[in-house]
Amino acid sequence: MKICVVGGGSTYTPELAEGFIEHHVELGLSCLSLTDINEHRLGIVGRLIRRMFSKAGLAVQVEMTTDRRRALEGADFVVAQIRVGGLKARELDERIPMRYGIIGQETTGPGGFAKALRTIPVMLDIASDIGQVAPEAWLINFTNPSGLVTEALNLHGDVHTIGLCNGPINTIRRIAGLLQAAPSDISLDYVGLNHLAWVRGVACRGRDVTAEVLEKALDQGDRTYGGSYPVFLREAIEVLGMIPSGYLRYYYSHDDVLEKAKRATQTRAVEVMRIDEQLMEMYSDPDLKEKPDLLAQRGGALYSKAAVSLISAIARDKGEVHIVNVPNHGTFPELSYEDVVEVPCVVGASGPRPLAGVDLPVVVRGLIQAVKAYEVLTVRAAVTGNETYAVQALLAHPLVGQIEIARELWREIRAAHPQYLSYFD
Amino acid sequence: MKICVVGGGSTYTPELAEGFIEHHVELGLSCLSLTDINEHRLGIVGRLIRRMFSKAGLAVQVEMTTDRRRALEGADFVVAQIRVGGLKARELDERIPMRYGIIGQETTGPGGFAKALRTIPVMLDIASDIGQVAPEAWLINFTNPSGLVTEALNLHGDVHTIGLCNGPINTIRRIAGLLQAAPSDISLDYVGLNHLAWVRGVACRGRDVTAEVLEKALDQGDRTYGGSYPVFLREAIEVLGMIPSGYLRYYYSHDDVLEKAKRATQTRAVEVMRIDEQLMEMYSDPDLKEKPDLLAQRGGALYSKAAVSLISAIARDKGEVHIVNVPNHGTFPELSYEDVVEVPCVVGASGPRPLAGVDLPVVVRGLIQAVKAYEVLTVRAAVTGNETYAVQALLAHPLVGQIEIARELWREIRAAHPQYLSYFD
Amino acid sequence: MKICVVGGGSTYTPELAEGFIEHHVELGLSCLSLTDINEHRLGIVGRLIRRMFSKAGLAVQVEMTTDRRRALEGADFVVAQIRVGGLKARELDERIPMRYGIIGQETTGPGGFAKALRTIPVMLDIASDIGQVAPEAWLINFTNPSGLVTEALNLHGDVHTIGLCNGPINTIRRIAGLLQAAPSDISLDYVGLNHLAWVRGVACRGRDVTAEVLEKALDQGDRTYGGSYPVFLREAIEVLGMIPSGYLRYYYSHDDVLEKAKRATQTRAVEVMRIDEQLMEMYSDPDLKEKPDLLAQRGGALYSKAAVSLISAIARDKGEVHIVNVPNHGTFPELSYEDVVEVPCVVGASGPRPLAGVDLPVVVRGLIQAVKAYEVLTVRAAVTGNETYAVQALLAHPLVGQIEIARELWREIRAAHPQYLSYFD
Amino acid sequence: MKICVVGGGSTYTPELAEGFIEHHVELGLSCLSLTDINEHRLGIVGRLIRRMFSKAGLAVQVEMTTDRRRALEGADFVVAQIRVGGLKARELDERIPMRYGIIGQETTGPGGFAKALRTIPVMLDIASDIGQVAPEAWLINFTNPSGLVTEALNLHGDVHTIGLCNGPINTIRRIAGLLQAAPSDISLDYVGLNHLAWVRGVACRGRDVTAEVLEKALDQGDRTYGGSYPVFLREAIEVLGMIPSGYLRYYYSHDDVLEKAKRATQTRAVEVMRIDEQLMEMYSDPDLKEKPDLLAQRGGALYSKAAVSLISAIARDKGEVHIVNVPNHGTFPELSYEDVVEVPCVVGASGPRPLAGVDLPVVVRGLIQAVKAYEVLTVRAAVTGNETYAVQALLAHPLVGQIEIARELWREIRAAHPQYLSYFD
């Protein structure tokens, strides 16, 4: 079993490595291959990971190379976690939209749009490489915006792809916490797209506990959800009778979030840059042999858990339910057959299969369909380099919706990333 | 042939009457029945119409009664053009949303929502009466918001209903004007919902002239479209490659329209009230025997033309194409089977039938689906009186989208129309 | 306006020419081009047609050539009426299935299957030629089995195709006869595939007269339908409440039809061969300047009428309703989007468009779906030359259904037409 | 945990009891309730089952009563295995169709049709009782024709229903046998309806072994499948590339099966009657405390296994895959949303959920759709008592297809079961 991590120089990689170490028997892991375009970072991170495997006494081979095709060759699973343009570009994604009265966020809205346009061509190149040197591999995509990137890979990449996010696994944990139950006892009626999802129902060991969960989320949600968006959460539950993904605050409480962001002294990107630098310094210490605590502040909680358990479900043909991003294939009759959605799937050796016949609640249906239309247009822009599609994508986004704003945003986004968006006509 | 006009006391009715007079032979009209809840207005308007028929030397019987069921009895066609709450309520529809940074408009957005909630229960009562005293009649609905009211009638009224708007006929005229062709030579590839529609293609005597029309609309659109929204029109054509309905400026140029409205000295409602009063005074003059010119300023151009030609197409089994509001029935695969849409239909004795297999352009698909979800929830609120659906409908509307705003808007709308919204729980 | 007839050497062609002469003004016909692979027949028929045009005093150019591409060049409409293998092959189509207890028929069952496999590759070649020398032309396909050939052209030919049959126009005439009404006053609710269709409803000038028509068809059907299949017709109407296409007797009264065919002294093919020879002899007479009466016995009544009125509806952008074979495009939700069906379409300059939302009656739904699956597999066999698809197609046909029979039939059919089926692997 | 067996007086019941005894811990079984309309048989079978539980040393309460509602009260699961009209009626089902050249079979063709019409009204009564006295119970339906009865229960019964058959579990065993693997390692790509199903693919521990299985089935199928239909099996695999359900021989080798049945000295019904009598005699022996070997000849192998494991998957929220009969809900896009199909489902506490997006192979699609249309019409006949639907159902059946035969069959079937079909108009 060979696993390849594309973007292996990320400060996240030790988190992932920890999971591989913990489950190496189950996974039957013999080779972990790390690749990155930044040789310096790759070296620092890779050497730490070698020390981690060594400390664990495992004979797993840890490879490092900037030669992507060599790294991919013969891989059974590829985990992709790249960030085209790095955190500097992210800062622009967070700043530019705010000038137009729209929240700036790395996955939602015009920020996510810019990130998608930088990222999709690179991810399609990676998929093309996989198709040639590891055609049977599964590509587990963590690269954000994960749903949108998976939409592009599904339509235009000839490789088995699953879009993964740590959102669903965190949601299950929080709900298990509310019920004081084990996460493995919880199953969710979960509908939507990546970062645009709702929990419609909860079962605990097969018993419907939705009402109890909604009540407890109203009471204790503030604490469980870390106090970061209590009002939004309470209101959404009251109006929808469902638990929304935290990312829905960018829609449902858009103006509040925007106001807070305007008052903030710095963007999240800058904050993460600082943590990232500190982490790289720590990783450089040849005595460090484990993931430092600081990494928790970097975000991406349970990232490793989600990836390892998904890989294991495929490798060992478990037939377990995982919430992942896959083509709709009739699951939601209100979306197109090929639209990528984030839903519970049965995952075995042949990959994830969504369940049939799930009606979208009307109250969220229109928002999902509108965001999906935006995603389809964004992918079209990314694969054609046609500016009209780019403007249309922004126009179709529910947070934009106005023609002048769409045009101006596009002009500014294009100008801000000349290196990555030069493929536009 | 008996035609009944519900809301016959409207100052519009003489416009309609003019059409009936001009085409009385084709229609075979023998009785025109006017009914209204306002006896005073009904008397003034009805007497004018009698004078109009008399001047034309026609033996058509013109009935006036506040007894709706008597008026409807035995009708072949019923034209509904009611305004629940009158122009006073309309003024609130135009004012209230502006306090939340949203345009105020009688059919689009929260204004149309409030109007729909006042109107749907009344229209369902009318439909119920028709079902009992004129079960074979066709209900031609002009009552705004016309698409939303037709959605409600289609799902919950047991009567043959067609939603009609003067928008499509005016669009055809304008495009014919651009081409210096006869309106009857023009056929449109027209997609969308009422007041949310786009012209995707134009044929003149069967020849595709879309490119020519788009170019001319860019050049001369300002004049042809009366100069009222030139920038919006130009921009929309450039970005979409389609001609949008004028109502789309409330989405595509939302902030501009809102700014202008804020600077306006009065609402359109107040303006119309004034015209309306003047018209009623004119109508009261026993020497007036025709529609006065001032009526043109009241809006509703070609209203009569659209109704008469539709009625005639059914009565004489013409098999003509008319653009009307009917259930989707698979026309747009991206919408539900029963969603009411505004599309070209073949109209004969058995009513309108849309054509099969029309894909919605992605750039407008999400907006249409989102507005349709709002409409479905609004109808649900109107027939159940359930406040949650009302808040959900507002939340689902692309111009609202935020929970706090949806809740506050609902509280204010409900409080503003106690008489008409008392059916809510 | 140039019309090209492929298979112009057919004895049918004078029937077609008669229609073109009668309607030459409406059609604006300037050139009629005839092409055939049989130069001798083409000469005889072509010269007769020249005499017919000459007698009518028309200046239309009548071209004859065996060079198909030259004949097609610049055509506005192409009428295809070929018979690959001629009447000799037809005789085999009528004989072979009977050995397996299945009716032998040139369009239905294994006979139609064999004819389709001989014909589809040739028709796709013709379509390819049209695509190159007359890319804007409409191909009006009369070549049998018309629905199946149109299915192949729609999926694999890059040309505007309409499948035409004289069945619907004859049905309208017969029903008009029952009502003593003009055919133009009749409109049908008509569902199904070519030679597998049912009249579900009848309107006369927009009035629903279905019950009256069913009753009269029960009373007088024997006479109106020529007495050829009275019992079948009566029974089908009683059980289905619909009027079936005459071809449905091959299913609904299969065993009776088979018994009669076994007792017959000769096949229809032999009969037609005799008539055909006589016709060619008559046509050779340089004094003959019109269609002889004997042609009526050849079959294909109103063939000319159907073609001329369809061409005229397109050429003059009439927006009339014609019952033709076109892709389903959601018309019948129970069939696939691209399945070719025979339904009422609105026909204008942009071709035929079916109406939306027609549910198939359950009692015929399964038969239609089963025959369509057979058609899809037959087309697949014809374009791949794969024997497995050929056997699967026969197995999927409701009149076959058994594996051994399907295999033996295929062996015999293949052996019977070595010249035309040599493309199979 | 209370399980109620309706039709508890069947000689099958000890087989079922054996399963309950073996898995009583897993099931948490506290009460087994048997009900039947035949008190005598119920007594004999019930007392044997008490002796079986007693021998096993279990404290499970075994109730017997002819009062169905009392038996059902508070049940968690209801297993229905009734036979309306008994084996005498079955003999007619096997004999009558043969007079019309059609195989006689208790679930397929006109025999299954007659059985369905006798059975559906009784099963809907049982469902109604369950709805009142055990509204949360799951109804596991074994009553044949199982798919058709489940179709009726799904549309017209207000109870959680799963249609079960021992076919899938036996198929898995046979295939596991071919591979010398454990049944639990096998998962099937299985498509179709009950008794009209195909194995399209086989995975063993997640590895695709379809080609190997097809090859082995061709080589060893005769032995594995008991030698009962080797030619049919071989031929079907060669032509389809899939393994058919054994019941498909009634279609694919119809004439052979019919010939053999004509030569048989007795029907299967008479054979079963004899075994049944012997079994009842054995069961009457107060010293018998276990299922006798003879029961294996009665048919229904692994019947108990299938039921126990399904009940356990629900009761213990296992999330296992079982192949059962459930509403389609978009699984096969080629069938209607509510059509009951037999497919792999994930089964947990909330019941079975099919997977999304499974295309039906064209070669079997038409047959499945045709049989489904027959089923829909049969259910319609059973719930309306309308003779026209009954004749239409027979006509729609692929083994009938002719009107005269459909009518005569209906007359004879109706006359043969006056007691059970008196509800027809």
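The letters A, B, C and D name the chains in turn, as written, and every chain counts its residues from 1.
Everything below uses one rule, namely that a residue touches a chain if its C-beta (ideal position, glycine included) is under 8 Å from a C-beta of that chain, and two chains touch if they have at least 3 such contacts.
Values in this document were obtained by computation on a predicted structure and should not be read as measured data.
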Neighbouring chains common to subunit A and subunit B, by label: none
Averaged-CA centre spacing for the pair subunit C and subunit B, given as whole angstrom: 46
Centre-of-Cα separation between subunit C and subunit A, whole angstrom: 56
Residues of subunit B engaged with two or more neighbouring chains: none
Arrangement of touching chains [line / ring / star / complete / other]: ring
Contact footprint of subunit B on subunit C as seen in their complex: 187, 203, 205-208, 316-317, 319-321, 327-331, 333, 337, 346, 348-350, 353-357
Of subunit B, residues touching subunit A in the complex: 232, 235-236, 239-241, 251-256, 334, 336, 362-367, 369-374, 376-377, 380, 388, 391-392, 395-396, 398, 401-407
